[in-house]
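Which chain is which? They are A, B, C and D, in the order written, and residues in each are numbered from 1.
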Amino acid sequence: MAKRVNIGMVGYKFMGRTHSNAYRQVCRFFDCPVEPVMKAVCGRNRAGVTQAAEQLGWESVETNWRKLVARPDIDVIDISTGNNTHAPIAIAAAKAGKHIFCEKPLAMNVAEAKKMVAAVEKAGVKHMINFNYRGVPAVVLAKQMIAEGRLGQIYHWRGTYLQDWIVDPEFPLVWRLEKRLAGAGALGDIGAHSIDLARYLVGEITEVVADMKTFIEKRPKLADAAGGLAAAKRSKAKGRVTVDDAAIFLTRFDNGAMGTFEASRFAPGRRNYNTFEISGSKGSLRFCFEQMNELEYFDNTAPAEVQGFTKILVTDGTVHPYFGAWWPGGHIIGYEHTFVHMVYEFLKALRGRKNPKPDFYDGLRNQIVLEAVEKSAKSRRWVKISIG
Amino acid sequence: MAKRVNIGMVGYKFMGRTHSNAYRQVCRFFDCPVEPVMKAVCGRNRAGVTQAAEQLGWESVETNWRKLVARPDIDVIDISTGNNTHAPIAIAAAKAGKHIFCEKPLAMNVAEAKKMVAAVEKAGVKHMINFNYRGVPAVVLAKQMIAEGRLGQIYHWRGTYLQDWIVDPEFPLVWRLEKRLAGAGALGDIGAHSIDLARYLVGEITEVVADMKTFIEKRPKLADAAGGLAAAKRSKAKGRVTVDDAAIFLTRFDNGAMGTFEASRFAPGRRNYNTFEISGSKGSLRFCFEQMNELEYFDNTAPAEVQGFTKILVTDGTVHPYFGAWWPGGHIIGYEHTFVHMVYEFLKALRGRKNPKPDFYDGLRNQIVLEAVEKSAKSRRWVKISIG
Amino acid sequence: MAKRVNIGMVGYKFMGRTHSNAYRQVCRFFDCPVEPVMKAVCGRNRAGVTQAAEQLGWESVETNWRKLVARPDIDVIDISTGNNTHAPIAIAAAKAGKHIFCEKPLAMNVAEAKKMVAAVEKAGVKHMINFNYRGVPAVVLAKQMIAEGRLGQIYHWRGTYLQDWIVDPEFPLVWRLEKRLAGAGALGDIGAHSIDLARYLVGEITEVVADMKTFIEKRPKLADAAGGLAAAKRSKAKGRVTVDDAAIFLTRFDNGAMGTFEASRFAPGRRNYNTFEISGSKGSLRFCFEQMNELEYFDNTAPAEVQGFTKILVTDGTVHPYFGAWWPGGHIIGYEHTFVHMVYEFLKALRGRKNPKPDFYDGLRNQIVLEAVEKSAKSRRWVKISIG
Amino acid sequence: MAKRVNIGMVGYKFMGRTHSNAYRQVCRFFDCPVEPVMKAVCGRNRAGVTQAAEQLGWESVETNWRKLVARPDIDVIDISTGNNTHAPIAIAAAKAGKHIFCEKPLAMNVAEAKKMVAAVEKAGVKHMINFNYRGVPAVVLAKQMIAEGRLGQIYHWRGTYLQDWIVDPEFPLVWRLEKRLAGAGALGDIGAHSIDLARYLVGEITEVVADMKTFIEKRPKLADAAGGLAAAKRSKAKGRVTVDDAAIFLTRFDNGAMGTFEASRFAPGRRNYNTFEISGSKGSLRFCFEQMNELEYFDNTAPAEVQGFTKILVTDGTVHPYFGAWWPGGHIIGYEHTFVHMVYEFLKALRGRKNPKPDFYDGLRNQIVLEAVEKSAKSRRWVKISIG
């Protein structure tokens, strides 16, 4: 592997912006084993992608992802597109021998995800799925603390990922609300993150029972989304919302822990409320993304008189993950930094032998859980998940 | 109804202490319509009950509750005993024409609860069940705000009631861990409170799916509990825990809301963590008993730039429930005050025509939900609840 | 000392209610060395004091405190009156050989306070001043932690006591706003508590520099305060506010620590915001009365990766002060309990040889600091305080 | 003014890194009126500055700032050096007709600051001082709310800026602890930020009284700081700390408000605890940098039953300052973003007629307050500040 690696990114909207920033910033702060070159960005709309390339700092543009994938000067394909295109792009990229950095969720369904796994396995390329909350220093600290045994045997996982951006019934029918484009609703968009964190921190989920609901079944169609959502003309015609507004589920973990999950876009006041609380025999942890630089820790082995939840400000570069690359303690970082950390992990893996984590296997496993949740919500039964 | 009412209380342990305090204090702070006289307390152990009577301020003692119920000078029977005696005492009290103030849960099971309801209906006595968290000013404020429409249509209920007093596997096999004495474990003891709050604030539950677990299946037997738990001799022999350590469940409400519940005694750091969060179309509320004087409110109709969760310190006697009887704003109250408020409601009802709330119907309805949860945990299916 | 002690209380308003509750409750929860008998309450208005006696549970009434003090059946004089009567009552009580439980502030000024000290010294009676925040379990825990050396050398004290009940310029000219009745304003009413906590937890104050201000100089006179403030008729005439609305000051402590203080009634949203933060070489503590069951502790000797402020829920009766007498962990207590604890300390001292703490010496020392603050605010210079 | 502007930055350590990031990022997110070109970075150590240039993305290097200032291709001089070089660089830059973006504090003392103001006035160049906390969206929101009258008349300012990085007495004698290099200690380094925020949000300070202290008077000398502090060899020899460890002061504002300030590096657990609380007749605000995306607001005009401090998550790009350029609501930003916002304001001003804010006048005014604080601490008297 050369010291420089050329990135070709498909998609340039919200996720394209976060990925671009990560490529731009990572070697300014981290000691990069490989330097990413922002070679080409791809989008169907030439004007749009050209403007994005300039704004975000890409050297060239493509309007057809197949062309991008075919370019010999591209080493890595970054997939920042809508969910329904992840599979074809990833499979083609793998065939072309490109390493892949893919935005979550991996695919539209398990079948697609399996094909993607097969493709990267066959091609022998590196593959990573961007469950970016694994890039939060406080989350990595939680992982380390659990690995060190500070929580003992884990009894409970409580995960909520709550948002409120579609509570207004007049909010229009954007692509995230259409199953054919998004695959799933709150479940796949944000619940997938909760599931990944649970798998990362607690272990494999072996069984689920779920309920899902669409509170607002029809919404104004988007007549024209050019110029951003705020400027979009909304049609008087209404279209059907074909994904879930909220999903709640109970789980069992292979290590005996019990889990509760809630993913909802109908929780006023919760803007990006990705939280977890883990209870173990020796201690507990609580995290909320809206205060992402903090981790709350209860040490059940501490002297009783001073026990309590400790709010750790996870910003001490001498002991906390990733922070040494940034600022002195107490000078907090934000959302976009999680992407920088994920890209840093990806770059390290490009130089090493091991695949980065989380990878397409994690993406597939996540998809299996998502599908089990949906199946349970429909069948109204517990659904077992083979973790063979 | 006379201006004074004679109370006969059965049981004098934890709940006996809280009830005694309520009778002692209520008219010192509230303008009582009826004054309770602490006439007699009853317990099987004469020495124990005699000491309790002196400590707690009761005029006389009984060692047989049937005798107490039969006493003509007793107007009200207060049931503060173990769960397995609620039904026989209540039924006998009703037959004797006594009004009843009963600690929760109402009964050991639905069948018992139905008999209790039939008994009080037949006797025409007043009956109340002490779901004391309805006596928290912040909870009553929440109820008022919901009734005023400040939350709009309710989408979500999230209730947790977490404790940690039996996380240590060497904690002994106390009565609360034996089904024959307690009826249920975390579910019936603390989950019942969550269910009551959900019914009070959101509405009737129509369907549940649940999982329950006993993490520590055997514990040291209590050889001799005299002198309190700390002094109790623990046998080397172990006995089987026959109730749940934790119960998690999903619910549907008749108004379309979705619910998640968790009751656990295995959450280190959560001492009496009775919390709820309610999301509605116009706003949200959050409550945690450990900060019981506070209610968090998100007003989705406020100007966007100043939206956020408002931490209301529910201590303003000029506008907040019950507080006018206590202290100036900011001078907080505690756990025992909830019992004073419940007794105050009971006393008001004794003078009026209406039955106090919550009553035995609420106790029965609660028991039906508890039983559905248990049934679902066993059958591993959704269980419907008729709300006839 | 007999097993029972007869209390005679002067004053029956806000403080009279809190003291009455303490006498009524203390032996219901604590193992009392002496049992207080609520013998007589005294107030100038016969109708008022008679109603109060019934409401609060006193056996008899007096309308002249000199008569009360002279009664041979009275062992203890409780002074719950306005500040301008503390001195004469206390001095007379001491002369009559009564033990004294006096509400803070001790007196109107240092001169008065010195006479009171001389009187109790001469009489050899027990004397206590009710700086009730020393009765908060979390505060006592703080004291213990400091005594154990957990904070190391103390560098900083930050005390604020903020309220907001007179922010409205139309709030009337109550007695607390008149110097001849109250002695001082925010400084003496609430700042005195901060000073006491600083002395209790950090040490003696040796020097102060201060600023004081009255933001609203004229307020509506109270035409008739009968029936409580809400019902009071307010005159159109305005009267002059003769006390401070706010006082801020810097201090030096004899152990080298630096202090900042603020007492204000002009802090909207701060209802009874009595807070302190102490920084020491080995750790820090933070307390806020509005969450009085919590103490925040930063342990500077903990491993760096898990350092943070620990929110101790100070409700564990097995290890935390006073809580063993109340409820299981997590079942919080409130404002009035601090008075119960102070009375409990007083009762213990009545049976023992030592004087209770805090005592009139603490009251005098506090008054000296208050006077130094006022003097500094006027002279606009640092004022030294002899701690000889 | 051309569409591009060439930046020459002096200094490349902590502040150099934050400034570089700001220049790199600003036009990726904001619609820049002028695009900054990172033309040259200057430092005395050629190896060091060369490595920094590569790491941070500067086109060329200089080792003599006079050369940099003289370069015709440089439009803007960015001063990110130690405090003792701000004045000579700024004065030379002004003479050379360069616009200036200067890190705070402006100078070592008032005399220097006045010369700097005179120089930029004479040269007619744009000048800005980087009090970066004015770039926090929550702080700008606070400013807007105050300007709209939401707080009414302001009564109180409470500012603390607490850190804890030198609590350990073995922490070495770095440049920030030497008066000849840093000018001042906690006061000038962090207290200056508090003073700026107070001036920005409340108004001019007219009088101060202060106390300052150096808790640890001697510290290990740094034998060799190459390779960063952690790697630095510490001499056994000790050197004298010549700046303050902590400064506390009271102020009066020209609008009648009272202020308390504390700047300390001796507050264990407070990592970058830059907080303020403002109390006004109509409302209150509280901010803490460690949760910089939040602003707490108490609305004294809200209905009493729902009053409380509202925690505004200041991340809604449709209504909150700067956030529209970043991410969806709830996806928080961090410390470095404040510099991006300051640079954005600077760039806007380069294209406009007005000078950016805060400017050298603000820097001078700040320095005057700092000097008054120091003078007061020495003279132990109130010191008046002319705000002519």
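Keep this in mind: a residue touches a chain if its C-beta (ideal position, glycine included) is under 8 Å from a C-beta of that chain, and two chains touch if they have at least 3 such contacts.
What you are looking at is a predicted structure, and each value in this text was computed from that prediction instead of being measured.
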item: Contact-richer chain pair [B-C vs C-D]; value: C-D
item: Taking each chain's C-alpha mean as its centre, the one farthest from chain D; value: B
item: Euclidean distance of C-alpha centroids - chain C vs chain D, Å; value: 42
item: Approximate Å spacing (C-alpha centroids) for the pair chain A, chain C; value: 54
item: Inter-chain centre distance, chain B versus chain C - centres from mean C-alpha coordinates, in Å; value: 35
item: Numbers and ranges of chain A residues touching at least 2 other chains; value: 270, 307-309, 313, 316, 318
item: Overall pattern in which the protein chains touch one another (line/ring/star/complete/other); value: complete
item: Complex interface listing, chain C residues touching chain A; value: 141, 145, 294, 297, 299, 303-313, 316, 318-320
item: Residues of chain B that touch chain A when the two form their complex; value: 155-156, 158, 160, 162, 164, 167, 209-211, 213, 215, 246, 248-250, 252, 256, 258-260, 262, 264, 266-270, 277, 279-284, 298, 300, 307-309, 380-382
item: Touch list for chain A against partner chain D, complex; value: 14, 18, 20-21, 24-25, 28, 55-57, 163, 165, 230, 270-273, 289-293, 313, 315-316, 318, 326-337
